[in-house]
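Chain nomenclature is as follows: A, B, C, D, E and F, assigned in order of appearance, with residue numbering initiated at 1 for each chain independently.
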């Protein structure tokens, strides 16, 4: 007689994940973890849940790379320091002092918080930035914006070396030019360029929306898939706007460069990464060739 | 607002498996898969389910080694061939002809069936026997039993080489002496000796009982744990009897030799291996130091 | 005064083998060992002599790969089991039951006998089949013949891995399709396809004839060499017929694919392999570009 | 006629460095770079000069590891943020908020400034902290001081991995306990513990004094060498006091653990590191077994 | 106050060498060391100074390869043995006996003297010749000259193997043909062919002149740089003559084959190699693409 | 019918060598090749025959190391140069000039002749001496004898490196002290010390006698085996005398240090090495533990 043992439901779910684990084993998955993706839960819980997801990917042999920004945290620190910011077309003008604060917050606060949440599970995460081993060569995005940078080149060597040693790189998106001058760079853009440079299997944006909607105010209008051909139209007709622009641009850039799939997911859902990677449930918006 | 996404229950279960995956990653788990462990389901379904479990272990970085017997299948073939067997103390007297049939069935039928069920999921399994690369050096168990063998020595080199290449060895328990004479050896005994020689993390017997019972007729009397100290008493007072004797002996031998945990599980439960390895549910009987 | 020491004749012969050893060292030689090549001596003596040859190749750094069939042994077992076979154009119709027997005999009897004969000399041989690690992907040869298979694809990875570890693979020619369905495949064909896939230096068929004759009944009409250009003519005019057809086809296929030389030798001669490889004596028929 | 070519004086100096380069090639040198070691020159010049020294060590095959503190910079940032600090026995009481600022300044400001100065010369430096890959396990130093930590354990694996890849680790001395709670740890202490854990050849403190003096006010009283036997006396009689205490303690600890030599040098001298390592000139104070 | 420490001038010079060390690290530099380059100092001093230079290159991670001739030493030995030499167009006619002496002096006297001078600094140098592991395949240069050889082929495998093991090959320029017949070959020619075959970064000739002069008698007429385009003219107009011809030919050959720079330096200047490699001082004549 | 094919006798002899090839594969065999071992044949023939033996060992995977002296050749060159030698107790007093000649002849004449004879068969031999990479550290044997050296230390690293690259080291027995001063050392002694340092399987002396005789004038009195216990008696009673003393001492030293067998063979027999290694024929005298 077959007995129904305790735990057999769990086992069945593990077995359902098997083909996905086999598919992604040994592949690189770049995950952009956004500062403001975390509104639905206390920030610490959200980070802990995110950390569990990344550690699980790592445990089953997938190679996750975490890229993060930290706009809200930078704004908070500038406020504490009584520093005012000018904005040009929605982007913060970044003088030398502001850059210093941005770099300090990204590398000294946001980055180590993520690293620390991962290392609770074992010695697996290492925090680096684009300044380390010349990972990101940057240049000025526009004179008006000061030390806001754009990506000139990615040398993914240091990331590959860390991956080769079974480590999870957590990357703050500060770059530098040849003279050592630092720049603050949009993390969405870096994530896309890095996924392309690494030949990643997937690029995943964890955001605070549930994907791209054809009608921003209508949750039921989420677009499940976007092909490279469809993307320009969505920019042109205004469907994609605001902070979603650099995300979708990065997705398109990465997929054009050979990344198989790029995703915009709602990071407020617990374990959104695992649901996307290991189950049949379709969540968020996927960009594909 | 946090949404409850489809798939998040599955994700939660994956996360519960995380510490177990981390604990056993890179470790060897020897699994004895018994011919008669499969009564509760059609044999093919049971084999397919078993194969999923082994492939999942492999996919998350654990190193499974499968050892199998095939008593019922040997008996069936002997019957087809009209060959009669004598029995001495419950063990089949194995003359040269019987040995030939036993070897043929184990290596030519049972072994490739398991290999084939695994390789449906990818090119991961390789069938070998104790005769390959001198894995098992055997000698005669007793003159009266003919070519029934006992383990003289295990040279696990070939198993380690296959593991090093990300393959799953499936082992038929035929051994040979220095002159090339083959012997049929009890698969439980081989599993224990191999786990010891490999320095395995775990030795797991999949059987058709739910563990060791203090009262054989009372399912509720299952013994959850046995320490090395308690084992001799269980043999002495007859609690352990029949086919369970070589299993518990193998468990004791393996744990004495450094294997951390040895288990007797009910292989009739679907995914019993996964339940044991990846959930908190305690199933079967565990032997520990 | 130079003395004539005992053993110096032997030394002279070793020295004569030197250039051949140097030429073939580190190269792959695929040897098809046929069930009925062994008529001239007791089977055991022939196998022991064959084993010595293979072990010697291995000892001097050549990489032998053994492929075998087992038609006579399969027929014998079918007879014992009282199973009758239909034949279509000389090929046995192979239903599911017949396949099971064929697989069992090849993998469980013929293969381990060869492995065992080799391992008497040291832990060097490992028996595998086309089902292991997806070595041979097969498909049905013709509906009428049932589970007689043809080679769809060879993935020589497992063979190369074993060679890389100084082991001698002994291969039973059972393949499987993607669903795990097994097929029995002509061993001559597999030997040719495998030699091609491995980039072997040589493909050698050990048979019970002394090569290909222009007049089948006249031993003195043996053809020493056949070029790729000459081969089609020999098929067309009937010089090559019967069981020699798949052998010569396999030779032609392998040489077209880059194998330097393919040979049909008389396996009844003691140490025919060594004579061919290490002496100037021309034996059998050679196919060359 | 031997001409005196331009550049031959330089060549002579390179030749004088030869035995030192040979002696230290492939060896680890841990350098503690102190925030207040840099008073004698503009900070940027001092950092650039320090960077040249480290890059030269790296270029000739020595394995430098940089450890840094950042007390003055932390104080400055606390002041900017209007946060007041209590002091207990000269140590800053570090509550959660103060720790957050300290970590942010060390990892987000001091560390990237050093990394950036090194990477101007090539992609060689990577900034990490004790929180990365569990490098430093910390615990509370004393309840009164809050999140001031002490070293519980060093796992140098991540440092060795970076060195193995020809990179220069630059280490901020924040550690964490098993729960992920961060602590700020005295950089001198960390440097000593790390040198011991790495089996470093040398531990070098770059400070703003010219070594240890028997009479603090008399530059000519510098002590050139201290043996392990002499050290306790120097603590006992007050010769070593203030900030020099953790430095000398770290030197003693490291030398006791097998580090061959530990040095306290005046970092205000240009290229003090090179002078110490590559010339016969004795500078600063050396601790030896 | 910044103090001027003892040794800081030396440190400054080391720092000036830094970019050169970084540039040449891991690159091959072939140095032709000529028998008569050493007139300006006692020979032993010159050799000791040369050895220091080579050992320093090795110590900082550059891969030096030394090629040497030995004309004067051969002449001396022939004289001692009372053997007279004929000359044809300035080249010594080399009969079998003369070859034997030349080979003996080069491999048995000049080569070990250089090796020995290097190994005083550590176990780093190994003396080989073109006869070892078929490094140089030679043929007769002209019948009239006997066993004076020319380079037929270079197999740099043995040199690369020694370099891979952190050794400095010192090469005597005797080659052999396929039958094992030895030839004495012009060392300048070998150095050029070897630099080409190794893909060296630099080829350097140490001679007893200070470079190539437009007016042989006017030291101030030294030509600093020669491009590949300019070279033919210098041969044609007689600017380059005598022993300088094979040197410049070798430079041109090597640069054409991809060597970045070839130099003719005055080996009588102490540490001429270091001055050329590690300082801005321009010495000798450089050939570049 | 079994035919007797051409070449089958040769094959049988190869098969007889099989167990020896298997036994010695991958093991080091140090062969001392003596200048005066070659009287029975023209020297060139003897060298060619010796070369075939060494190349065959190499081809079947054994690791031969050749050590040679060259007393007769040195004497001849000294005579040609008109240099007279004094002798003390049968050993040549070696002043600086004599040493120079000895080194020149050994490294520049004897060594390259052996290397050249080997390389006719392929790029496998490399000539080195004890001066290369500090292989042999020597000191003066006695003041009276000048630069006759004794072995102070063997650093076999360079030999192991060459073996690891599938090369055959040919070693001239010149050593050097720490100052680079060369010494000429007895080649028998070096062979023994090297075999010990390498952990060789065998040490073989090729001489011009047929082993050690109990009665020097009676060929039939050859002693087949000597144990370590028996050796002292043979020295004491004068059975071993003259040039046989250093040989037997070296044998004893090597066997005491772990070499399994040491042999004195008659190198005048063609292929004496092969006869000893690959046949059952007992030749010469063997020293064993």
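What we mean here is this: a contact is a pair of C-beta atoms (placed from the backbone, for glycine too) under 8 Å apart; a residue touches a chain by one contact, two chains touch by 3 or more.
In this text, all values refer to a predicted model and were calculated from it rather than measured experimentally.
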(request) Have a look at where chain A meets chain D and say same if over half of the interface residue numbers show up on both copies, different if under half do. (result) same
(request) If we define chain centres by averaging CA atoms, which chain lands farthest from chain A? Would you check? (result) F
(message) On a C-alpha centroid basis, what's the spacing between chain B and chain D, in Å?
(response) 56
(message) Using Cα averages as centroids, what's the distance between chain C and chain D in whole Å?
(response) 68
(request) Please report how many Å separate the Cα centroid of chain C from that of chain F, as a whole number. (result) 44
(message) Touching at least two other chains at once: which residues of chain D meet that condition?
(response) 122
(request) Counting only chain pairs that touch, give me the topology of the graph as line, ring, star, complete or other. (result) ring
(request) Please report the chains around the ring in sequence, anchored at chain B, with chain C in second place. (result) B, C, F, E, D, A
(request) Flag every residue of chain D that touches chain A in the complex, lowest number first. (result) 80-81, 100, 103-109, 111-112, 115-117, 119-120, 122-129, 131-134, 155, 157-158, 161, 165, 167, 174, 176, 178-180, 182
(message) List the residues on chain A that touch chain B in their complex, please.
(response) 1-18, 21-22, 25, 40-41, 52-53, 55-56, 59-61, 121-122, 210, 266, 268-272, 274-275, 278-281, 283
